[in-house]
């Protein structure tokens, strides 16, 4: 199995949940910074909608930099690259939105993401989290990958309630309505190892 | 149901009415500003015609900035991002024109949009509102979403008159011919919460 | 019926004649200016050939600015947006050439277009007007829209002569060979309401 | 008939010969200058190979400006637009190469093209003219359009020799091997009417 | 046979292992520098995913320049070209990731790559090496090309263990989890012949 | 026959050998310089792989300017245009690589190419020449065009040895492994007629 949860110390790496033709899966959103002029590069064999999610996350953070404690000069002086392994698998859909948002806030604040946490949900420019599909398959994949906590849209609560309790053992769910809730739940106050000063 | 009217305090969020293969629906037009050089980004899985509506709305506002009380320096110093959730649904057509126009005027004036209001209509560069299709389905969707007032093109009045009165209970209709009418009806004089100073 | 002739006071709005799969129709060419760096944006669900007509009209005016009484600095300091409502209808072909030319000259001179006038004809870079097809259908559409005068290529005169006289009642035809003739016939010397100073 | 030879006084207008699915035809290559930064725009519903011909002609002239008596600063300070009417007809192939070359040299020198002259031939970067197809159909079209002289590649001489003498009455043929021969034959030393000073 | 291992002294040339429809093969990743502004050019008849690998490798190195001992000014002052011969063969997939990474680090440090070494593995932005497919075929191809050492992802160890011992004679395997391991194993401390000073 | 060997005095013109669906053929690679900013334009109805060959040749020369005796400032101050007549014939494949390389070195050094010489071979960024296909057909075409010497990859020697001796009469073969060998064999020390000073 190529995918496994990694307790990593790197900024910008966040665990998402995907729903593919062969079932649920975890995926990583990875992002890095390099000195540049504010360009955004997106890779990972992504479809149009998933690329749009990356654009939305980036623009939302730029527009709300102060709220996230980011100095907006950083957006002008660095290029951002967002990647979703594994390159051989085509991926699409809006459900990695909150995962990408968390990745970018972690990147620009250099703060560690909470351990053993995964998430899935669409983002909007008005700061709301929208529900997504494939919840049951995603939860089973999260368990296999030893995830402990999951962030979902409040409107996906009913999907969890329809799953047999035994499948949910050991999992804690956080239901959110706003994108600011995601960041509060997912980011710690600790800097990552070898944090960059932007 | 993913869609529901939200009484929000954010600039640039306006409720539109869409007509899809599975019936009428409400949709949100969302727009945000970030410091930049006047770039326009459009997301939401939109077809060519709907992207053109966003371009038309943006260019119309730039050309008529004074009429809308907007300082035209703002267009050079900010990037604009227009998004139409939900990313998984392809969307197209010109009928979100007045909704996009209202979103952008709200954004650049930081004024609140009227509560419980939805709208549908095509825009032109000569300032006229054009009629659109799917009126009956759109009205039913508006009612389900607890919309109270609807802005339509004067030429769509006949479409409303063909709908049974019982379906229209509780709805107020505003028929317009000019894009300036839309802005007068849709925008309040109140600034949004945490209004930006452009 | 969405289309009707409008006696408007806005610069850059000119009535053309189109020939579609469902018969003749009138259409509007609309153009606006905004402060910028000389960019040309074209919208309206147009095919390649019709977009080329807009480019040809723009470049012809730039190359012959003096003849049209336009200060060529204007081309560097403003962006131009040309739109052809209605966005839901795909449009193509070269026959809107003279209509686009007239729209842009009206825009850059801020002069009013003659009332109740419509036109159809292809443009060239050597200043000649070329004949176009679908004349009979276009003339019937013009009458329905209460157009009074029509500008056509001299080579389309024979097409008019083949139409029964009764269909032509109330219409005056102007046959032209040169693009400069079109501008002399179509533009008045009056400035539009709220004329901009470029 | 839309096409006819025009004895015009405008720089950059040259008569070519085309071979289409419905027989031979004459066509015009038109080019104009406007103040700019050296951009080349190409219109006329052209296929890739014909657009390449325009690029080749432009680059060849830039590389050999001195030979043509052109001040190379002109290339930086003007934009060039090359158009091939009629927009409704798709056109392709390399045979308009020498016509485009002549058009651009006429444009940048503001010299008149010889009267009643047409041409057809492919161009190269080493200054050679290559033979082209459809010669018989092209010659018949030239006669119909009252062309008197025709420039062809030396290697097309055999194609002319296979045509019955009666079809060739009144036509003078110039067979060339080098692109410089074309310019010597096609351009006069007279400036066009209202010649621009570049 | 076009492919054969070459014991070369040139920076940026690294041997990879490919899996095609006709079996395993070795391939070379080649990269060169030229004075420029930081552009990346990628050739070799590559599919989207393989081009993405090159982008990921380049961006990863930019983001971690210090770790690799590269002065980041070099990225601004040079263009990089990555090529994968042979142009007639289409190539795709993420498995050349570590080969591209090694090529670029060799290029920017001007250090020689270890002799008789080949590698295959996907790269990520969090510095992890991911397993790839076609291991058996790739190993057979490496032997045919007289490769002595092979770098693989730790997760591909099981694929090697399933291969008959006799096929593995004379091969040494290095199993890695991190991209930094690859560089330590693959790059020597010797400068290449005629090393450039960046 | 459109193709024939020309003993020309122009920089940048080199004879290659092509293999098409209708047999072997000679082709010319032509390149020219014009004052500019280092842009590369490629024409001639070329497929992706053949365009990539032009890019590889150009980048290789930029990266190894000193070896070829080229002042690297030239790359910044001139635009290069590479063309492959005849525009009506689609062409593709990597085998014109060494021909393009030779063309560009001739262009930037303004040195004459050896007379009666043709070549075919793929290029790489590590300076190696790779073998190509269709050798027999290419050799027959070279003879028909009165070529006297041919440069081939050492790995194509076996293809020549399989051809009957009588077909090879009058031809001298040069087998090479390195791109520097090609330049030594193909370029003379004489400047072309009217050599430019770069």
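We just call them A, B, C, D, E and F in the order they show up, numbering each chain from 1.
We adopt the following convention: a contact is a pair of C-beta atoms (placed from the backbone, for glycine too) under 8 Å apart; a residue touches a chain by one contact, two chains touch by 3 or more.
None of the values given here were measured: they were computed from a predicted structure.
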Any idea if subunit E and subunit F meet via the same residues, over half in common, or different ones?
different
Please work out the Cα centroid separation of subunit D and subunit F, and write it as a whole number of Å.
30
How many Å are there between the centre of subunit A and the centre of subunit F, using C-alpha atoms for each centre?
51
With centres defined as the mean C-alpha position, give me the subunit B-subunit F separation in Å.
59
May I ask you to sort the chain touch graph into line, ring, star, complete or other?
ring
Let me make sure I follow the ring: beginning at subunit C and going to subunit D first, which chains come in turn?
C, D, F, E, A, B
Complex contact set, residues of subunit D against subunit F:
48-49, 52-53, 55-56, 59-60, 62-63, 72, 75, 93-94, 97, 122, 124-128, 130-131, 133, 155
Of all residues in subunit B, those that touch subunit A in their complex:
2, 6, 8, 10, 12-13, 28, 30-36, 41, 43-45, 79, 81, 83, 85-88
